[in-house]
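Dropping the structures in below, format is structure tokens.
Okay, so chain A shows up in both of these, paired with chain B first and chain C after.
Now for the complex of A and B:
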């Protein structure tokens, strides 16, 4: 009994530690400026206001950043899914000479392991040469390339779990290889495909370094860069920053909760299955 | 051999792989090659000047030291806390799903937002941490967190631990739940106590999951950028400047791309060596188990 009490005590502490800081940001986004500087810190009692949300998304450009973030995340995810799924299917189902299928898979995975800053410098120079700096296109291109290894690796795992007999039956029935992929296999891996897509969306949505390096103006800035811009200026607008942060979190949390089942698998690049 | 039977057409797999491969070659491999040529240029001339400069650059050496301190401290805390939580939640516990879902919140946040959250928490004058401490009677005069050279490193490490312990916890919990019951029953019959069971049953069987999570965390910790950039920008002074931040400063504040590229190869080599070591261990583990 005493032991169980200790156990739950520890867990409650962990929960409070995990949530309190995020909760605090939400309260800041809803408090008027007077309450930001109040002592003792008003954790629960304050008069909520939406002025910071209005300020951030109507008066300032955060609405635009939000739209840019969404466009970049969705388009790069679609590209990565199409390219990655096709490659993953080939790597899962065909045996290539010289063990090429296995070697290619490992090589593709290894490109994912490059520290971002290592490719940020040359990619900045390349985008400058191509006059793509400060465009959404540059971010879409870069995000596609770093989501791609992830898609290949995840989808290869999901394809491996589909029994081959089903495809063989479709092939015997006269379906083409791609026909069998689209009509028989894809529906079976649909949950995995959805989870993979959500992961790509989250990664692109959260990405900061490339967006910081490759964009400069409001027209192509994503939400994280916009938020960071407010922080490093001399006068920190706490309310605006928190409101933008709160909005940036919401879609991520919804998505993450929706695909909890595949979370561990995705986060460990398919290494740990639940 | 016999597993992959359906392969009559020989050109189809190549056709399916080609587009993805082309994208990766253009955007991962070509940039590396490009980066090599940039790093080998000093002004107009070619040479190893950018690489020889590294050995005598105190900023570089300090940034490397910071990176190791940061990675080692954060990894240790995250692992111990994550393992503890996973062991706790692996047993019979009411409301486990809720606990689990809630603990996910920190790690799903964009790192930029996590850093913003903690700037609000740690502000010396108006932050919730000092405010709450003051309220219960603790003197917060000297607790300036990210603004003090002494506490800044501790603060950024703590934020990383806050954000990524849930990840370690999740992977280890999944690993624990994949362990079958039989070895535990055998240990029970042998009369092993709790510690012996943990030491000789749980730990060996959990080792692959442990290695994977340590590998992934180590890679991320060595390249840390976002949170520190927002929380301290490497400061105060250079107290929290890690290697990624120094590379960023060199390239995008001083526009010394050659030197930045040279440093980034050191980081790349380092992460490669470390991941190879981990993977060696991992292969060894999966073979004997």
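Now for the complex of A and C:
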């Protein structure tokens, strides 16, 4: 009994700590502006209103930001997964001369070792010269390149777990290297792929710094930049920001829940006799 | 299909795993590559499959040089030691995989899968996943996946080594029947000399990457090319005694065996355990010995003997009884003896 109390006690504390800001944001998005600043705050008893949602998504361009965010996040995640998975497979399976497979892996990882802000100015100048400023393409390129090292390292670990015999069997059975990868290896690393995809999507969806530096126009702005833009010299639009924030959570939440069954599924069970 | 290895060498760094191997396998043969672990037999098989790159030399299938042909275009089928079943596919999908890759239509695929499943008696398993199968069942599935199409040759890498003893003997027999039925060239790798003897039309014995002898099982057993082959094939192993030949008699300490040979100062005689008869009473011309230990096998008894500093093993009938350290007398069938050069180990 005592044990159970402790266990649930900790769970409740952790849950409250994690969910309190979300609850706060969600209630703010539904409260009228007067209630925002009431003290003590009306925790549960207030008249809900959708005016901030209307303001954000109809009057202002948050709908546009949402679409931009979705396109940038999904496309960059797809690119990073495809490129990173192929690179990781090559690094996991082929021995390159001069120990290159190991060195390349480290070089790839090293691109994550400096603070992102260091590359902000160079990237801005590059995108300006390529006339890609204020385009979704610029963000897709940048996010893809930032997610790549992560994908390569994650997937490499998963590929290492898959017995080589399986691909060799597929090759002898008459499949091509790529066919063996797609039909035999990828299904076995699907849980890893799902976890990696969730992470990439979250990073791209929430990214703020580069979106701020590289995009200025309504048509190219992502949700995080759009939300932050409501903090202005004259006012802070808590309601609009909260409404947009509440909506921003939903896609990631749905995606992560959809991926959950892959995340927990066992890896290559029964592949080879232990 | 005929397969030919011509001066094939495989080196990993400075280590030559397979060294100057030349081997010609005729169409329809069942060739067993036999040797202890690390002798290069698996590497040889993998080179044939295209899973390892040949360092020097050439491999031909039907006179077509296949060194640079990619694995998937070699049209071979392989059974792996680990079985390498695809864990995410059902048994039916596993077996159909080689057909699916070759773009056979679904109807034909199902038909062929059902055929081999019936042949190997695994019809009931078709909807299961590999992890739900026992070792013996997985082995059958791996076999089914290999024979579902008609490849140029079957390659088998210790396919029975993960099975328990009883199942191993059973599957051994079935493999032999299957190959007889299909008549497809088969290359089979094993370190188990019993498998080699029972399955092969010809056995290639390897050691340290070098081919020691390539001959029929009977010739390997009766006429081993060197001491290694003589020792590796046969259970219990052949007895070896170092000695000399003096006036038509092999002499080593108290052992004297008539030998129709020229005098030699140093050579090794090899005698199989079944060519030594053990008697508990003195016999005319028999060699006195002491029982070290006896092992009753059920149908026969292995008698471990001391003759001076020499240790010998003899096969005796199951009813043979002798106490440890008791005196016995040996008769050796001298005409069945093998002679080896003590230095080189070569048969002489």
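Throughout what follows, the second predicted complex is superposed on the first by the 235 of 274 C-alpha atoms of A that agree within 3 Å, B and C clash if a C-alpha of one lies under 4 Å from a C-alpha of the other, contacts with A are read in each partner's own complex, and residues count from 1 in each chain.
Throughout what follows, contacts are C-beta pairs under 8 Å (C-beta built on N, C-alpha and C of every residue); 3 or more make two chains touch, one makes a residue touch a chain.
Just so you know, these numbers come straight off a predicted model, no measurement behind them.
Of the two partner chains, chain B is the only one touched by A:205; chain C is not. Comparing chain B with chain C, more residues of chain A are touched by B. In the superposition on chain A, A:227 contacts chain B only, with no contact to chain C. When the two structures are aligned on the shared chain, A:171 is found in touch with chain B and with chain C.
Shared-chain residue A:184: touches chain C; no touch with chain B. When both complexes are overlaid on chain A, the residue A:163 reaches chain C alone and has no touch with chain B.
Of the two partner chains, neither chain B nor chain C is touched by A:261.
Of the two partner chains placed around the shared chain by superposition, chain B is the only one that A:238 touches, whereas chain C remains out of contact. Once chain A of one complex is fitted onto chain A of the other, the partner contacts of A:128 are absent, as it touches neither chain B nor chain C. Shared interface residues of chain A, touching chain B in one complex and chain C in the other, are 168, 171, 268-269, 271-273. Residues 7-8, 10-11, 14-15, 17-22, 24-25, 28, 36-37, 39-41, 43, 83-84, 86-87, 89-91, 93-96, 101, 104, 108, 111, 113-126, 141-142, 144-146, 148-149, 152, 164, 167-168, 171, 177, 202, 205-206, 208-209, 212-213, 223-224, 227-228, 231-232, 236, 238, 241-242, 245, 248-249, 252-253, 256-257, 260, 263-264, 267-269, 271-274 of chain A touch chain B in their complex. Interface of chain C with chain A (complex): residues 49-51, 70-72, 74-78, 80, 82-88, 97-98, 101-102, 129-133, 135, 138, 145, 155, 162. Here chain B touches chain A in the complex through residues 1, 4-7, 9, 12-14, 16-17, 19-21, 23-24, 26-32, 34-35, 38, 84-85, 88-89, 91, 93, 99-106, 108-113, 115-121, 125-128, 131-132, 134-135, 162, 166-167, 170-171, 174-175, 177-178, 209, 212-213, 216, 219, 222-223, 225-226, 229-230, 233, 243-244, 247-248, 251-252, 257, 260-261, 264-265, 267-268, 271-272, 275, going by the rule given at the top. Within the complex formed with chain C, the residues of chain A that make contact are 163, 165-166, 168-176, 179, 183-184, 187-188, 268-273.
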